[in-house]
Amino acid sequence: MAGRSLVTLDDISTGQILELIHKARYIESNREKVAGTCNGRVLATLFYEPSTRTRLSFETAMLRLGGHVVGFPSAKLSSATKGETVYDTLKVVSNYADVVAIRHPKEGAVLVAADAADVPVINAGDGGHMHPTQTLADLATLDSRLGRFTDITIGLCGDLRFGRTVHSLIETLCRFGGVRFVLISPEELRTPRYVRDVIDASATCSYVETGSLTDVIGDLDALYMTRVQQERFENESDYLRLRDTYVLDTEKMTLAKPNMPVLHPLPRVNEIARDVDKDPRAAYFEQTRQGMLMRMALESSVLGDELAGYDPLGGVDLTVHDDGAQNGQDEGSFARLARSSILIDGVCPNPHCITTSENGLEQRCYRIVTGDDVRTGAAGRRCVYCDAELD
Amino acid sequence: MAGRSLVTLDDISTGQILELIHKARYIESNREKVAGTCNGRVLATLFYEPSTRTRLSFETAMLRLGGHVVGFPSAKLSSATKGETVYDTLKVVSNYADVVAIRHPKEGAVLVAADAADVPVINAGDGGHMHPTQTLADLATLDSRLGRFTDITIGLCGDLRFGRTVHSLIETLCRFGGVRFVLISPEELRTPRYVRDVIDASATCSYVETGSLTDVIGDLDALYMTRVQQERFENESDYLRLRDTYVLDTEKMTLAKPNMPVLHPLPRVNEIARDVDKDPRAAYFEQTRQGMLMRMALESSVLGDELAGYDPLGGVDLTVHDDGAQNGQDEGSFARLARSSILIDGVCPNPHCITTSENGLEQRCYRIVTGDDVRTGAAGRRCVYCDAELD
Amino acid sequence: MAGRSLVTLDDISTGQILELIHKARYIESNREKVAGTCNGRVLATLFYEPSTRTRLSFETAMLRLGGHVVGFPSAKLSSATKGETVYDTLKVVSNYADVVAIRHPKEGAVLVAADAADVPVINAGDGGHMHPTQTLADLATLDSRLGRFTDITIGLCGDLRFGRTVHSLIETLCRFGGVRFVLISPEELRTPRYVRDVIDASATCSYVETGSLTDVIGDLDALYMTRVQQERFENESDYLRLRDTYVLDTEKMTLAKPNMPVLHPLPRVNEIARDVDKDPRAAYFEQTRQGMLMRMALESSVLGDELAGYDPLGGVDLTVHDDGAQNGQDEGSFARLARSSILIDGVCPNPHCITTSENGLEQRCYRIVTGDDVRTGAAGRRCVYCDAELD
């Protein structure tokens, strides 16, 4: 992975994901031994919108490897206010830093950034589009608590419609395969068709949908909670009626298996009662620690800095079911960008797409090769930046 | 002190305060020797409201000990805007950092933070409530200039009613004892009853009140100036009439003792004329250096990191008069939190209390044991977070 | 230069500028050898207005020398909002940091800062007044691409009226001499009289003015592009008519010499087409790298920290034509401040001058010694802070 960017998890193979988890385990047990891994390196954290937890995680990861950090925590504090493009900013920052972590409110902005930069770029969230290191943290937490993330029954609860975190987790678990998904949400917030299609396309995964957490919690090996945000509902009464159904409390926890970990991408509002924190099955704060460890693994990997004493898995692909590889997903964002030879005159219809705000950017699209493509569920042209359907 | 938080100065004994000053002296004389004390450590500075001077002091202190820093300089740049509680933020940051310095506009917020965190938390100011490291800087400056802070006559001048800094200094000096306070303020800004009660409760301290700086400046061993803020007055004419009375200029300095240090918590507006800066008795800029040294002493102490070559005072309590210990103040914020077994249904009446904004927080109170309690001057129930009277 | 501040380039001699470039070259080739040059040092970056590129450059420079960084990226995050003066802030920060880089929207603010500080202060831009490290980056880029910056024909294109960067570059090149300036701008944005006077005062420099980039591009050894900002024009049609004339594209580049470097202070809006980036003559991104290297040279120099293995030019002044020295410019900002014995009762007429916002600042002026002064082109009194004419 040395020298490569991580825009989406499709940029790395399932074998590389397992290697990162293996590295994170090694780092956790050898904090002092790895403390000089990135000596003299500089990470730039370019956060065009604030996200304290993610930014501090990336930064602490680099500092604990011996590197340094520069950056900005908000676009208001950046030259973006002078109208500088993401492209130019990354061209400049490439001259300062050895690796960049970027968060941006526009979908596809990180692909633009990675294309411009001469150094590896890591996606720390681009709008509602992608947030790959969150998924890496989720996988590492499941692995830490259960010793595996295949051959499990996992419940996903709350807002399954808009939750980018949930979609990315589902798609990634499907690449490894052997997962039974229990999708727990109100009707208004059901998992979208194209995400369920990803599960259907996997030979070894399946799903059921339900509106009741209480009914199914006893069957789960792991539970992934998400926020139910009031602004998703048309009126307050719908929100209030549904909200409490999806609140996890100590009473519901009595119905769960004795070692069922509870995950949550945070921040929580009130969907997990404070009392649950004391339950040893609460894994959502450990999840942030796993996130930092995965970012340490990732930052050192893309920099090509070797961890002292580390014994790699060695390129052996340990995955049992790599559905993704069968669909050619492993070629990466840049291969996809490169092969997108069709230049479009129009603009992307997605108002959140980076093409709507970035000057000088060519609108490109890519054509899905086969009708059974697992990521998108449709043949057709899509924006190479934000994945929106163009026609 | 290793592993302990500092929410208020009541959390540490007078012996520990003297140890910190002793450490600060050692650090000052051995900058290079102590430069690796906190190698590999990470300090998180969580500033929910901006305070450049305090933040930079905490950060430089950690950097000069060999550690690293992450954090945010303003709540606008933090996940607080997504509704995350102080409690959850600290649970997360505990997974990144080894020690936390927190500033928050709500009173009691730092007690919530310290309760949540798994690592030591240092109060860098919680609203108008507490700012213990400012008081440590004040003590170290007095010690540096006078060689002592007992058996002195100290003048406190300006806004003695609302100035948290002044109240904390008075209370702490009373724990050591032997201090004659000269309280210099306009009638509108007199020292509150409960603060004067603290002095009265000390067998070895006393005070006089006056409206004239000129009348008393010649008697002082040290002078502590504070801002007189216009917004404290009902009309502008009162403000303008009084303001200049409390301005220290070179003319008033001619009346003072030849080695009377002038302290000020900064920022100053115009209450000390610029010309006074050149007077060697001006100690307010040195005060910021003493603050940084005390924060170096404090950060290394709560981390349990030993200063190379340091010879401790060794637990010998050198205080002459420890009035505080007699009143059981040394038990600390957490002991107080723990013994507060009464849960209240209502809410704290103080609109600046953290209980008014933080979700999921139990309202607790503590009952003052005796009527002669020196901190509060009253028996009764008080909010355990902000110390406001509940009835 | 150890211990000295850099407020304007007049503070250092042409020999010192050449030494800095020599150091930057050495640093570039010896990254690892110099990585511990500033071990234990702390740089404070006080940015009263945001400027990501400049701030990150200063910070990365210090980190790559082994030092640490504290600071604030915007005045909204500083104690300036509590009314603290620049003077007091610098008095305090001197107690934390070993060197300060400051950017401020008011002209002359950095002279106030340097006057207050007990440590070296570097100007990172004070309003439209000075930005000396930008000019150092420009010189280093010319030197890197052409091997020299004397005996060249350089085109300056775009807004030559308001562009502080361009004025500073012209004045500095004139100190070295032997430069033919081609000033390319619309009539509305011509180079000001006093800047052209600087060229006229140089025995070895000359200029021509033109409105057409296409006509002259073939004659240039180097081209310096600047932004043409819409807000400089009275009506939009004037702007639109002129804008494209000053856009550099691949077509115009075909007319240029095969090794003519293109510089730009950035950010660009659209005055250089994206396609030009791929042309090897595009030097504007390398320019930011040169800027970082020059800041490494400057920071280590003012700190007095020697680069391991570095062989200095040794005080030999290699300049061929040092016009500036003849006019006594080498005495520096502080000599100028010191000799300004005239205190004015009125205020500086420049609304952007620091004297209009900073409390307690004496209004001073300096009298130009001779009528042929090259910097100002006039005998008369000028504000010592912002250089505005007082009468």
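First chain written, first letter: the chains are A, B and C, and each begins at residue 1.
Keep in mind that, in the parts below, contacts are C-beta pairs under 8 Å (C-beta built on N, C-alpha and C of every residue); 3 or more make two chains touch, one makes a residue touch a chain.
Just so we're on the same page, UniProt names per chain: A, B, C = Aspartate carbamoyltransferase.
Just so we're clear, the structure is a prediction, and the values are computed from it rather than from any experiment.
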| item | value |
| --- | --- |
| Pairwise touch network: line, ring, star, complete, or other | complete |
| Fraction-based call for chain C against chain A, same above half, different below | different |
| Superposition rotation for chain A onto chain B, Cα-based, multiple of 5° | 120 |
| Interchain centroid distance [CA atoms averaged], chain A/chain C, Å | 43 |
| Shared-contact residues (touching 2 or more other chains) in chain A | 73, 77 |
| Touching residues on chain B, where the partner in the complex is chain A | 40, 42, 44, 68, 70-73, 76-79, 81-84, 87-89, 91-97, 359-360 |
| In the complex with chain A, residue positions of chain C that touch it | 32, 35, 50-53, 56-57, 59-60, 63-64, 69, 73-74, 77, 266-270, 274, 277, 285-286, 288-289, 292 |
